[in-house]
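Each chain carries a letter (A, B, C and D) given by its place in the written order, and its residues are counted from 1.
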Amino acid sequence: MKEIVINPITRLEGHGKIVLVLDDAGNCKKGYLQVPEIRGFEKFAEGRHAEDMPQITSRICGVCPFAHHMASTKALDDLFKVEPPTAAKKVREVAYNIFMLEDHALHVYFLGGPDFIVGPTAPKAERNILGVIAKVGKEVGLKVITMRKKLRKTNEMIAGRTIHPVLGLPGGVSRPISSGEAQEIKKLADESLDFALFTLKTFKDIVLSKKEYVDLITSDAYTHRTYYMGLVDEKNKVNFYDGKIRVVSPSGKEFARFDVHDYPENVSEHVEPWTYVKFPFLKKVGWKGFVDGEDSGIMSVAPLARLNASDGMATPQAQEAYEEMFKTLGGKPVHHTLANHWARTIEMIYAAERFKELANDPEITNPNTRNLPTAVPRVGIGVVEAPRGTLIHQYETDDRGVIKKANLLVATQHNSARMALSVDKAARSLIKGGKIDDGMLNMVEMAFRAYDPCHGCGTHTLPGSMPFMIYVYGENGALIETVKRNLP
Amino acid sequence: MEKPKIAMYWCASCGGCEEATVDLAEKILDLTSLADIVFWPVALDFKEEDVEKLPDGSITASLINGGVRMTEHEHMVKLLRKKSKIVVAYGACSAWGGVPGLLNLYGEEELFSRVYREIPTVENPEKVTPQRSIKVDDVELKLPDVLPRLLPIDRVIEVDYYVPGCPPTPEVTWKAVEALLSGTLPPKGSVIGASEKSLCDECPLNETKPDKVLIQDLKRPHQVIPDPEKCLLTQGMLCLGPATRGGCQALCVKARMPCTGCFGPLDRVTDYGAKAASFVASIVDFQDEESIEKVMDRLPDPVGTFYRYTLASSSLGGRARRNKT
Amino acid sequence: MTEEPRVGVFVCHCGMNIASTVDVKKVVEYARTLPNVADAKEYVFMCSAPGQDLIKEDVKKCNLNRVVVAACSPGMHEATFRASIVEAGLNPYLLEMANIREQCSWVQLDKQKATEVAKDLIRMAVAKARLLEPLEELRVGVEPTSLVLGGGVAGLRASLDLAERGYKLHLVEKLPTLGGKAARLGKLAHVDIRGADLVGSLTRAAASNSNIRIHVNSELVDLEGSVGTFKAKIRTAPRFVDEKCTLCGECFRVCPIEVPNEYEFGVSKRKAIYLPFKEAYPPIPVIDPEACTRCGECVKVCEPGAVFLDQKGTEVDVAAGAITLATGFEPYEPPEGEYGYKRSEKVLTLFQLERLLDEDGPTGGELKLGGSTPRSLAFIMCVGSLGTTEKAHPYCSRMCCASSLKNMLRIKDRYPETEIYAIYKDIRTYGRGDEELYEKTAERLVKYVRFEESPKVNLHSDKVDIEVYDTTLQEDLLIPVDAVVLAVGMSPSADMDKVRAIVKTGCSPEGFIREAHLKLRPVEAPADGIFLAGSVTSPKNIVESVMAGGASAAKVATLFANKEVRIEPIIAEATEEICSGCAICIAMCPYGAITRKEKGEKMVAKVDKALCKACGTCVAACPSGAMQQSGFKDIQVMAQVAALTERRGG
Amino acid sequence: MSEQFEPKIALFACNWCTYAAMDLAGTSRMKYPPNFRVIKVMCSGRVDPQFILEAFRDGADGVLVAGCHPGDCHYTEGNYKALRRMALLKRMLETLGIEKERLRLEWISAAEAARFVKVAHEMVEQIKALGPLQLSVQVRV
């Protein structure tokens, strides 16, 4: 028996380390995705001022700080029992949709996208943003870079900073948007929508036009029948900022629809001794190990899951794209992990359209953006849809608003079980007869890069493919061979 | 002539510092034209051994972000030190431990029992916790060791320069890069890219201060709607700008939120939290113990407030740990 | 500081004083092992001539650039050893002392432990000495001219005592006349002269002294600089009448305007053009600009043409080395209705009574209230003092008891039949001769009623009833009298805060000016060059005010005699390259020594070297470390701390 | 160590009061425990909380800050600033795991030699009861 360790040394403290176990025939019999990192935010949150949590928890991730900032801020509204003024809610949602758009764009063009846009078989050196530029043209490439820069600058204007924002306070936001700023925002909103639509078009032209890609997307290696979870509005349309949590079964039936306050009755976390990450699952179905299907509580979140868990998009052009996707991929729910890329571009359109609606809403310049809390704090729960899925913050405090206990259900974590499945399945279906080649390994890697996992963003690599170092060990644990993947 | 070689490496960080460098946007291309980036985990890849192979001191400058949390970090920064002429602590975490340094207030055991047992949603009847090494169907799976305390990198290796911020702004980053490439550098141990003065110097509200800055009350951000035209500190908000290095151009204050100190202390300050606490206590305008204590009661978590980013680099480094004697 | 420190350690036996409990040999050997220590020596008496020579020679021989002397307390011999290293060519501030006698050998018994303490203290001293820097002593020349604010007894005494020592001074009085409150009292206790006459002797002397320049009708409006080099701006309001005036009195006659006469505490009226009182100095009438309607009648009748209705005020800048504050007090003004005050002419204050009993007063000394002389009178004491009412001050006003007793006796002399009640909380006749007054009143059958709960005064058309619980008889009394005298105390003068703001000095909890030290420096303000006379610091009677005036003059003279002020250079300074002008330090300074000055378009803190007293409070508060105190810089103290143990100090 | 624990206590003494009081204790040949290491400052208002944490880091088992009685400060109000800073620092020390008894603020006038001796005995006893601090701290390499 052999053991293969794939160590994505893009970050030594882990964020995904793969161990493949081969039987004597050299077929992969098990693949493990390990997360060997823990930073303990839940612990050191204790003793801190509750109102500081939006800024403290944003430090969990510098790529999606807005997600934690916003979930935390909403938890504070709930904790201090204070309703923000409508203007404040809209300001938050503007910033949040700008963020979703910009973060998705990062993934589509810089991270996951290159696999398709440049092509999985293309030379590694090209499988990055530069490759993308080469493929789609320089002006397009610059368009992407400048678009992203504009979006981030705008969020800096609204939220003080774009990495680790300071906007959120219980009962509102720290500053209103001036009418001057609103003008710029309007302009940007129009550009953003064009950009999002352009992105979908590019994705279609380059990916969906090629049969082999579509086959790849729909291939069994990348398919799991799991539950899907996401936030929906009262019409069961996708919403990033607020709503009820909806869960649909592998067969697409509504399994649960609950307020975030009821999450403890619906979600539990399973612990494995070989990884620091916990595995959330549907409490009412139960933990049945790393298997999919109706009887396994394993669920999935993030773009595809959100689309599966909803009845559509709240904006017209996103809705159109939504219908097209499900039509093409054979109806709801879609179980193909790689369809996340497509779903992501659809969500970009929604984010842009929603952004535009809000940008044209005169309310966003209303100077009244704060209500001061008066209630004695006790417990507060907040939820948002992070780019990488449903994100929940819960705080319990003393009368002075000092955190006694904190619980954070991080988006990527909700996917961790399904990701483990994906890696295991991909490895088992791809690695046979002890033959390991680079292409296979990229396939294995694609299996979980599609989730855009963010265990501290370990897989965000510009080259668009994660460099691997592979060690093949013999039964006795002796190193037999090492394979390097795209090292200079 | 040969281009200078630059390496960038991340320890226990959130990725914000990487995003910050990505936010250099088109400037990244300028950078690549000025220097060879020989090592940048988000961009390129090296395995430890490949770094080993480099001749000692062959890297012009290594920019390291994130604190030292796991054994691998310790090993890696030592290696980079050996291979680099200049080591730069980039960002709050590597300079002073940053926000994750707050875990130094707790022990590892407290952490594990909270995360894997106490949290109500955890369903863990067998009280399983992650193991350094465990056999799963006769394969040994290993997890890296967590150090008892998170350390700023200068507690593990010698650091030549510091770039402050959580994260450093693109402007600060670029200034620092220029300084490194120009070769005209301040004395070892200096901060580069940021200001020599505290934030007030560049804060638009500094001139609104009265002659005497005194406060009768401390207000937490959610307890007050500040007048945006007046210095936040003089309105009783705990703005740490006076104790914090400038360079960010007062981003938070412009968003009407007090400075929380992410640019850290100035050159002559050895313990940021103690210094910040000192100036705040000094301006509490009461002389009798009772009134003073009343004001202090308004701030239940002074440690988390004054040491938000610098606990790991403070005199005590965290909750006092006694030598086993 | 580029040169490598070479520290010499000199350990003193002090005969057996140190050597008997500290193993000096061991200590010296240990000192030699410390970093940067070039040489260590011991001697039986370091402070003796040979001991000092030992140091001087060693400084030269081993070219030492820092010296640590481990001996007695710096209080004893720091100056001595500083002098000797200066002779050896070193800056005096390159000396650090380790106090191993008072704080070690004399307080320890166990020789081994004492030796350990000595070693530690020396290690710490060496650690600090390494980082010592040469400092230059600051000297500021003193302008031998003084500025005295306030022309009452205290101010006059201060001025005369200084002028008689040959120093020039400006005497500034806010009112149009010198004399203050004392000039408006009737016959004084113990001495058989009127207040006006008492003060008159002082004003005449001041007026005829060429060293004194008198500015009446004038105020200090701006002050710059510090001890030795003040620049003061004095504004003089127009008087509208000049010295051509012959005091014929025609103008008073024709002036149609009448207002209450403040110089008589409102018991009489005066015209808009008036002479404050007979003995007023200067003896020139003045026009009250608020009251005057500019009708011009006075101009018409003025033969010598001394009246000028369009006269303007003037401003003059004067240089002064010292300032004496003698701005006095205000009588406590009871709120309307308190004890019936202002509700009836039968209720008057002690000061008003003084005017009525003064032969030169409005009634020529006749005690007449609304035409009739009261047959019975009640003095309510401690009005506005001892917290007797809500508005009352917590303190005792010191002069009201004696003054009331004096007046009771005057009334008894003049109207022996008058029935007098003294309703008091406490009688404090501490002054010389005052106790006799008290006994005399008893002999003259003044009835004493003691209260805790302040009495109630009920006004009736014909009489006044006083309800009071007598704590001696332990019963409620109802005392019907014809009139009530309120023995009001002293309040800080009305424009006290204005003056304090200009001279930048702190106030006591009672609102008077705070002394540098309550007991040891009672006539000096915390800020150098500011001196205090009379009731600016607390209620005082005439004797005490005069004493304070003289004392302050002595202090000013001492300052002037030295010709310059030496400033210990261990003062604070802000490094402009680091200071962000955050202003935290400014409120820390009790001396107003720190200001924010614009440097370019940026602000930085600036310390006035002459004002800084070297407490270092601003340094500990300075959030950026820009502010540092010479001789006690952060790095210097930190080095001393780090050397607590050998862990890092070794 | 076999011998009985002798705590080391850093004493920040105001030049005008406590330092003088200690000299007086000396000239009056009073006796007190050998545990104090004096660092003279001109005023308790000069004592920067940084000094105190540094002292604990560098091996002090306790820190005593001593200044003039309220109202008697040689510099009128430096001691009040010390009072404010110590009040806040004490709270921080508790979170940082250092017993608050290890930091003590006392008002001791120049005349109160006996009072100093009393405080000295008290504090040494308290700290002996608490035992050594002996922090393990990483310093910059």
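Please note the rule applied: a contact is a pair of C-beta atoms (placed from the backbone, for glycine too) under 8 Å apart; a residue touches a chain by one contact, two chains touch by 3 or more.
A quick note: this is a predicted structure, and the numbers were derived from the prediction, not measured.
Undergrad: Using C-alpha centres only, name the chain that sits farthest from chain D.
TA: Between chain D and the rest, the longest centre separation is with A.
Undergrad: Could you see whether B-D or B-C has the larger number of C-beta contact pairs?
TA: B-D
Undergrad: Taking every chain's C-alpha mean, which one sits closest to the mean of all protein C-alpha atoms?
TA: B
Undergrad: Once you find the CA centre of chain A and the CA centre of chain D, what distance in Å lies between them?
TA: 55
Undergrad: I'd like to verify one number: the distance from the centre of chain C to the centre of chain D, where each centre is the average of its C-alpha atoms, in whole angstrom.
TA: 33
Undergrad: For chain B and chain C, let me know how many angstrom lie between their CA-based centres, rounded off.
TA: Computed value for the inter-centroid distance: 51 Å.
Undergrad: On chain B, where are the residues touching two or more other chains?
TA: 105, 269-270, 275, 278, 282, 301, 303
Undergrad: Find every residue in chain D that makes contact with two or more other chains and list them.
TA: Where chain D meets two or more other chains at a single residue, that happens at 48, 50, 54, 77, 81, 85, 95, 139.
Undergrad: Among the residues of chain C, pick out those that touch two or more other chains and give their numbers.
TA: 588, 617, 620-621, 634, 638
Undergrad: Which word fits how the chains touch one another: line, ring, star, complete or other?
TA: Shape = other; not a path, cycle, star or full graph.
Undergrad: Mind listing each pair of touching chains for me?
TA: Those chain pairs satisfying the definition are A-B, B-C, B-D, C-D.
Undergrad: Give every residue of chain D touching chain C within the complex, in rising order.
TA: That would be residues 6, 8, 10, 20, 22-23, 25-27, 29-32, 34, 37-43, 45-48, 50-51, 54-55, 58-60, 71-72, 74-78, 81, 85, 139 of chain D.
Undergrad: Give the list of chain B residues in touch with chain C in this complex.
TA: 196-201, 206-207, 209, 211-214, 241-243, 246, 266-270, 275-276, 278-279, 282-283, 285
Undergrad: Which stretch or stretches of chain B touch chain A in the complex?
TA: It is residues 10-20, 23, 25-26, 41-48, 50, 69-70, 72-73, 76, 98-100, 102-103, 105-106, 110-111, 114-116, 118-124, 128-131, 134, 136-141, 143-144, 146, 166-167, 220-225, 228, 251-252, 254-257, 260, 262, 300-301, 303-305, 308 of chain B that touch chain A.
Undergrad: Touching chain B in the complex: which residues of chain D?
TA: 48-50, 52-54, 56-57, 70, 77, 80-81, 83-85, 87-89, 91-92, 95-98, 132-141
Undergrad: With touch defined as at the start, can you tell me which chain B residues reach chain D in the complex?
TA: Per the touch definition, chain B meets chain D at residues 105, 149, 151, 154-158, 269-271, 273-275, 277-278, 280-282, 284, 286-287, 289, 292-293, 296, 301-303, 306, 314-323, 325.
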